[in-house]
């Protein structure tokens, strides 16, 4: 069977710097999103559990010139092949268009028996793309999986909801999004990283998928995107543990937030 | 043990230049970089003399993310609250083929890493190499070693053939390991390929990147758009210690840093740190207006090799070559500070030699000997040889105390109108010159300076 | 007449959406519809009417048993059509977010989830949410004919219910059973904690090396009289329950004092503490981003600093 893991290649968010209140996004390195690493690991564990499958890492890049390099990370971690939809028209798109491109790309590259997503991307965390894709492909979907089992043409998922743990089952093909508690993604070995460069990577444009640039037009407008204002004192209290601890408690008492 | 053709330890300019050439030659090459990404924590001040590397990989430099072509050079001497600046703006520095550019390493190194990736090389960041593996199962562990472990007894060259690396759980073999680990040389010294750099041959660099709008930079340093300035500071900025401060204008930031002799800094009783020296420079009346309104967006500290050619280790051996700072290929000639050009050139020549050695099926020291030959024929070792006496000169304390004091005093005297009668300019000038520059010590200095 | 349609499977969230939706509807000159689905829909309908809905669409169609996302999405799509909904407001719970994608796709609607503030601007609803992993707050407007916002619970306050319920509408829905079957449901255990309302919070992170070491944190929390909170990773390890998470995927807190111990300060966590009056931090790494956000910091080993803090607190 064919497992497609949908991967978002993100800015390394730990590197985002705020200038004034504006985020500075130029020259940031990209990486495979953390939750997508969980999804890749989940696919790998299914295979290691005896499921015969091809693992495809699929990304729709927002005109990211470095996307092929970034996808090598997914290939090194788990995937047998990668599919990259990369198109300048995707530079300022949103989840609906991403989902449309993902759905088309899956249809275009051999379909999927199981489509895996992270529960959200580490940057926007909208959590929309998985269910949009499921709707577009007419698939049953189970979100927030903390364990996945595949047997007898069905996927059984234990999922982590706000107030309960649910066990759900859906017939394949199906879409599943995963939460980070599902596994601890392993670190790729050097040889796997090396071999990743030689695995097949298919690059597609929107036109290849029968989509025009209009399909990438965003449905939303971002009116502003600024860091919250913070005005902090930044006082480091020096000294050994006892001195510093005493100094901190004294300071907090003086602030009126302790010892009232 | 799985194996690739070449492993490059360190993804700086030397390592990436080697990897790019090797990938182009069709070899399977893996670059292991400790930082979050190539160039992430590099403290290099930021000027690359492109004049000497332009013909190596000419296709690379056309689209390279350079900051500004340096058209203004200045040296400022500081002493006793005075700053005397000598500045040259020369059209020949710029033009169609500028001799040097300011660079931001985070951008330049990532650019080279991308080109290397496109050429088929694999650049792997966040990957710390723990040891170089040598033949006979001897492994010099970076973690468990330490002084007196392997290498220290035998001295450089005592180890067997370098056969690969260990990084965490992974052991990977290679026909050739390119050692591009930078100035500290931890892995290569543990493996007995070189000695650890001595504190006396090492300086400590501390640099801040201060963000300023392009127009402000161009106004403050009198630059046309795209042009840049380089400024060196010496004298009281290092409190008499060997070293100086540097300033380079980038597109929308300046790199301001200080380099101080490690040994002199360490032996101070007041536990002064290099960043404190830089802070004093930043708040000094002469420099504060230059950086006013700028925000420090990054800072970093690192060692700088100052040993000159005398401290260049054996450049290659069975299964390995040393490039860039790891091979001590840097030159502080007081007025020109070079390292990046040497790094690129050494990486280039290493790649050519390794490709040839691989083709000939001999990656022993003999097979790789072309690397050292090429370096000797190139500007790298020639310029280092020319400057062979410089490191000793830099130990002359007067460079950092007496001369800045004398020059600034003389300049100040010339421009001083005191309350009493003013001397003839010629008297002030010649008097100052005679007092400060014509004595036995300076005469000896003058003789030694001729060796530069 | 065009409407705002509100729905959440959580009665309290549905009330919040209806109560605030009433205000938006008045401002925009729209009607307010609500949907109540599933076996308990009749009771919910009266409640929602009392909280401001002009019309409540009610269905207890057998396919809605257990509120499977795909069937709920289909039901809401049909109701939205019948109500002529221009805006759909959902709760941004996990169930709500999963629903949002399906429903938006069915309605051709643009969607914004995790909304933590909304307002009418230039004749349209706009929503605010964290972006770039919490580094920024984005203000977003939706430009499709139907617009969907999923709003975080407790974003809006609920006022007292009014007498006079809205009109109850029983739409003729055409629903097929879900393809997803439920094997079991287990409520999450653990005492419930309201971090959003806590005046003192001790936040713990991966600086704690072992699960047992959290006892040190519990002791300090007790000594401070603080609620214990954690980063997402500690909940992922199941060292602490999920309702102790502060940050993008947990509580947004507003304490007088947030003391963080062994927390590096990734923005995904710190979005939940940025409203604290005073932030203090203990971390071994002086470069840890938490210090950028802290009023007071100690660079040190928590295993030494925490006992020292407790010792000092005894003297208060």
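Order of writing sets the labels: A, B and C. Residues in every chain begin at 1.
One rule holds for everything that comes next: a residue touches a chain if its C-beta (ideal position, glycine included) is under 8 Å from a C-beta of that chain, and two chains touch if they have at least 3 such contacts.
Please read all numbers here as calculations on a predicted model, not as lab measurements.
Set against one another, A-B and A-C show the most C-beta pairs in contact at A-C. In terms of Cα centroid distance from the overall Cα mean, chain A ranks first. Centroids built from CA atoms put subunit C at 52 Å from subunit B.
The distance from the centre of subunit A to the centre of subunit B, with each centre set as the mean of the Cα atoms, comes to 39 Å. For this pair, subunit A with subunit C, the centres built from the Cα atoms lie 20 Å apart. Interface of subunit A with subunit C (complex): residues 11, 13-14, 16, 18, 21, 23, 94-96, 99, 119-120, 122-132, 134-136, 140-144, 156, 160-171, 177, 180-181, 218-228, 230, 232-237, 241-242, 244-246, 248-249, 251-253, 255-259.
By the touch criterion stated above, subunit C contacts subunit A in their complex at residues 69-70, 73, 93-95, 97-102, 104-106, 109-114, 121, 126, 130-133, 135-144, 178-188, 200, 224, 232-233, 235-236, 238, 242, 248-249, 256-257, 259, 266-268, 271, 274, 277-280, 282, 286, 289, 291-301, 304-305, 307-309, 311-313, 316.
Listed in rising order, the residues of subunit B touching subunit A in the complex are 2, 4, 28, 30, 32, 36-37, 106-107, 110, 114, 117, 120, 122, 124-125, 127, 167-170, 172, 211, 295, 297. Of all residues in subunit A, those touching subunit B in their complex are 12, 15, 17, 19, 27, 29, 66, 69, 72, 187, 189-191, 193-194, 196-197.
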